[in-house]
Amino acid sequence: MTTLTIGIIGAGRIGRLHVDNLRLIPQIRIKSISDVFVTDQLKAWAEEKQIEVVTTDYHDLLNDSEIQAIFICSPTTTHATIIKEAAEAGKHIFCEKPVSFSVEETEAALAVVEKAGVKLQVGFNRRFDANFRKVHNLVKEGAIGTPHVLKITSRDPQPPGVDYIKSSGGLFMDMTIHDFDMARYIMGSEVVEVSAHGAVLVDPAIGEAGDIDTAIITLKFENGALGVIDNSRQAVYGYDQRLEIFGDKGTAQADNVRETTVELSTVERVEKEKPLYFFLERYTQAYVEEVNEFISVCLKDSEVSCSGFDGLQAERIAKAAKQSLETGVPVQLKPLVKA
Amino acid sequence: MTTLTIGIIGAGRIGRLHVDNLRLIPQIRIKSISDVFVTDQLKAWAEEKQIEVVTTDYHDLLNDSEIQAIFICSPTTTHATIIKEAAEAGKHIFCEKPVSFSVEETEAALAVVEKAGVKLQVGFNRRFDANFRKVHNLVKEGAIGTPHVLKITSRDPQPPGVDYIKSSGGLFMDMTIHDFDMARYIMGSEVVEVSAHGAVLVDPAIGEAGDIDTAIITLKFENGALGVIDNSRQAVYGYDQRLEIFGDKGTAQADNVRETTVELSTVERVEKEKPLYFFLERYTQAYVEEVNEFISVCLKDSEVSCSGFDGLQAERIAKAAKQSLETGVPVQLKPLVKA
Amino acid sequence: MTTLTIGIIGAGRIGRLHVDNLRLIPQIRIKSISDVFVTDQLKAWAEEKQIEVVTTDYHDLLNDSEIQAIFICSPTTTHATIIKEAAEAGKHIFCEKPVSFSVEETEAALAVVEKAGVKLQVGFNRRFDANFRKVHNLVKEGAIGTPHVLKITSRDPQPPGVDYIKSSGGLFMDMTIHDFDMARYIMGSEVVEVSAHGAVLVDPAIGEAGDIDTAIITLKFENGALGVIDNSRQAVYGYDQRLEIFGDKGTAQADNVRETTVELSTVERVEKEKPLYFFLERYTQAYVEEVNEFISVCLKDSEVSCSGFDGLQAERIAKAAKQSLETGVPVQLKPLVKA
Amino acid sequence: MTTLTIGIIGAGRIGRLHVDNLRLIPQIRIKSISDVFVTDQLKAWAEEKQIEVVTTDYHDLLNDSEIQAIFICSPTTTHATIIKEAAEAGKHIFCEKPVSFSVEETEAALAVVEKAGVKLQVGFNRRFDANFRKVHNLVKEGAIGTPHVLKITSRDPQPPGVDYIKSSGGLFMDMTIHDFDMARYIMGSEVVEVSAHGAVLVDPAIGEAGDIDTAIITLKFENGALGVIDNSRQAVYGYDQRLEIFGDKGTAQADNVRETTVELSTVERVEKEKPLYFFLERYTQAYVEEVNEFISVCLKDSEVSCSGFDGLQAERIAKAAKQSLETGVPVQLKPLVKA
């Protein structure tokens, strides 16, 4: 296979971002896009991007024998169903995170994917960030020795609207899920226990919507190491994405990325740039790498590095975290052998 | 009062350090030092430091009417008794941390101090570090707004011997107690809940001695904020002492201190200095400031800023952390009104 | 004008880089490429890039009425002639630096461009680097007040071959010319005096070829400020591209860019990433911005920000530097009013 | 010799600073201090410092057979005479920089010192700064290979008064002299050529007083390396003291020192501490080390590491720099073999 014909399901911000990044890859033809709302604006945009078909029904894409791979960028509640249908239609699948809000649904979808033998990559874009990848590689190379403690700081610059919060699956499923995946990616070991603490400190409306906006989650890993994640829905200085892994031979830290290296010293202060504002700025290149890898996996029939199993595990941790928050005690996670 | 005559109880490393720092203060006369082991080496050292009396019995210091203030640098198990005796003898007291291994004993000692009306300062030297003090001041000035999350990383460069571990009171009482105090100092609010996780990852002998060497402790504060401390008995790259406090208007971070600012770039790498090796290097100046404040408090009859109450609170948190580690669930701390 | 048809003269490394960057711009059609050596490899590459015409004679491009703009990426000795022919053919021109090795030739070429009324942008790519642009903007906004001293460090990771050195025009014309342009860009004032010091410290073969490999050049600007550039042909730790501008209200510094923010601390050392290796890595995005601006200038008929005049001024400074090096005394530059 | 009796000539800021630092050394007795103005304040201060004799005539110190070493902290115009008299009186000498404003006078004074066989240390305090010492050691150990380029940035936070300027010997003799010494110290090679450029940009009154306030000085060293120093009398953000030495195996940089490591991120900016304000803050510890070394040299009869020869060489470079500034051309320095 030397070229790949693609269909996109969901023409929101992230769907359109993937289109732009896919268009940088020579072997790609984006034939179709579906969205429940097809506006004139969308049609014009699709034309500019040389996408031939715009439809309200994603089944048009699944039924199109030319389309070999689909990107699922529709709301989370639709993911599991579309995955199953797409797998049965023999399409390779790139699906945004999370796979679903229900571990059972995700497991069912993965079973269909497994049976169909198609590729499924889950959109944990942060794995493709050069900084975190470097730390991952240092750990693998043994640069920090045996890992003892993992620390992840993950703070958004501003909270989403309360409507979004209500349908988000909650902080752990919506936001921390990235950190749960990152924890597994960096540590190279599965999470076996989760203890979550949360608070509503950013906006009472988030609490009224039944969610929290601030959290500290402690993890125990199968390899005996400990981990801790701290989250906030609002860091006024910008997107705060840092991590550290500490082991018996040293520690590796990934700091925030800034627009420039410029430092200004005046009579008042020495100042440097703030962190890149949000995920579109910080993970610009990671999104490119992410789709590059998916396309390469499809074309070369190689193994997906960020798979449905990874999506499932992150969801299981998120679910355990929620349970820990509600019960006030640590929650154990049973080992799950990768199929 | 314009001069102060001092007695030192305990001529170990920290006792001798205080002597050197006290000798920088013009108003000070260090008259006597006691230690259960009086060697020729100690006598020679005392002479060099112009200390007139060397004795095996600390009661000689308490019975000396010239001595106005004592430094308790003897083993922790002796602290409470000496505090009580010294207070009853009308001496001002500087006591190394922790006050005791028992909250009840500490409370009893504080009651005697209270009644005697003498000064008692507890040796939480890190409060006098310029970096942490700066963060404390930024929080007080409102620079980060309302605090949401406090993070403290505290790692020693190497574990003490197993004999020390056995009589140390355990990681939380021996090492984390500094971080518990720091947490209260920076947050300006009391801890109301503690959840502790621990592991033996540095040295199995520490586990066999009944202790842990790696820990993550989550705190809830009275003001609603969350906190997390991570500890290790061994950071091979040196003493790791960092903290961050995040609030609704920003975040303030104190990084490690290094010997120099020099950076060397070669074909292999860009390298900079490691953190200062251990507490004697990192907190050199903090120890000076600490005794300066104590002497100033005694001379000016002003209020102790790091008091017996602070010592008691840190112990209560340490005790709760131990209980949480043993029971596997969070432990609540009842509010304790400062006398 | 809403689309632009382009021809590329010179299919070397930089010509091909521009092709890749131009292909990211939707309004662009790259119709033709010329090179004195047309290999099968070049033909295959051109096909992959959807370039229709591959020719050995750049006149084919100039004679093609469809082509509206050309990129001159051929050897420096050909630049002035091609600029004149292209201008007379009514093509807009992007020309790599330097315009020529002779101030007189450059002036003659600029005169033809002026008369023809076409756009000419000179390839000082570093102006489009986000870090230097930020410093430029800070100076313009008055953040450092009145500039007093400008410092530029510019070191290549490895020297070119001696054959290249021999035909390079010398260090000042080949390498420092970027820094001379940067000096004018950041300072916002013309250079009126140049004092150059040089040495052969990297490789005696460079000296035998009649050139130097290490230099310090002091500048005086029309606004009274001073400047200094230091160059080396070989910084073993990578491409070293830093600058600072100091004024009566402060100082602004642009540091090197590194691949990641990761820092690794071990028992041996604390290490961070080396600077990005060379210009292709460091200025990846600057090259994109550079062609974007040129295309935008052509399409919107707006003013070129990095013009032939800028190319001429940098050459005049380079020539003066060479003269200063040879004579051992400072060389004055007469003011040249921008046409 | 196990103790040393000291006399201080000149009770200004620097004389008093040395007193405080000398008092930290157990083997030292500061017996006498002289100053042309003996006020009640000075007497009280001397009493507090346990200095027995306060006199207006420094000859009282030279004639006191108990006094073994003197510190010359009086105005520069008096240095050479006092050095000669003190040497003839057999006293070891610590002299503030510069030794004199005249190379001939300095040479004459050094000859007397040489003949008398007493120690003479010149107060180039910056050599004792841990950062610069580290760079010096890295160079000596070969960490950067063969040195190619040395860069020193040295800027004061505010200019002295015009009266001071007038009697200062000019920027090069008063301020840059430290950098000339640092250049020799770091490079480990003598300066053979100096090219100076200067400007009056900070304050026209400095120009009216016949001096400059901004300078760039290029150096050539005996080992073939190049160097550049940039100076300003006023960096509004604080004392700016940085240097870098670049060689064929790498580069070593010493950055400014800041009060704390604290960094504050808010919605407006990320800010860190400014450099330590001025020499008293920045070189606090260097001044301590400096007198420690002098005392150690006297007590152990070891070799002075910052000698009269070093003082002379720095003056010769300063004089050459002035000549270069006045003539507009580089000035050669003849090699001077260390006696």
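A, B, C and D are the chain letters, set down in written order, and residue numbers restart from 1 in every chain.
The working rule: a residue touches a chain if its C-beta (ideal position, glycine included) is under 8 Å from a C-beta of that chain, and two chains touch if they have at least 3 such contacts.
The UniProt protein names, listed by chain, are A, B, C, D = Inositol 2-dehydrogenase.
In this text the structure is predicted, and so the values were computed from the model without any measurement.
Chain centre most remote from that of chain D (Inositol 2-dehydrogenase): A (centre = mean of CA atoms).
Averaged C-alpha coordinates give centres for chain B (Inositol 2-dehydrogenase) and chain C (Inositol 2-dehydrogenase) that are 58 Å from one another.
Each chain gets one centre point, the mean of its Cα atoms, and the points for chain A (Inositol 2-dehydrogenase) and chain C (Inositol 2-dehydrogenase) are 40 Å apart.
Rounded to a whole number, the gap between the C-alpha centres of chain A (Inositol 2-dehydrogenase) and chain B (Inositol 2-dehydrogenase) is 43 angstrom.
In chain C (Inositol 2-dehydrogenase), the residues that reach two or more other chains under the touch definition are 235-237, 249-251, 265-267. Chain-to-chain contact here is organised exhaustively, every possible pair of chains being in touch. Within the complex formed with chain C (Inositol 2-dehydrogenase), the residues of chain B (Inositol 2-dehydrogenase) that make contact are 235-238, 258, 265-267, 269-275. The touching residues of chain D (Inositol 2-dehydrogenase), when paired with chain C (Inositol 2-dehydrogenase) in their complex, are 146, 148-149, 151, 153, 155, 195, 197, 199, 201-202, 214-216, 218, 220, 224-228, 230, 232, 234-237, 240, 246, 248-251, 328-330.
Those residues of chain B (Inositol 2-dehydrogenase) lying in contact with chain D (Inositol 2-dehydrogenase) across their complex are 24, 26, 48, 130-131, 134-135, 138, 143-144, 249-257, 259-267, 273.
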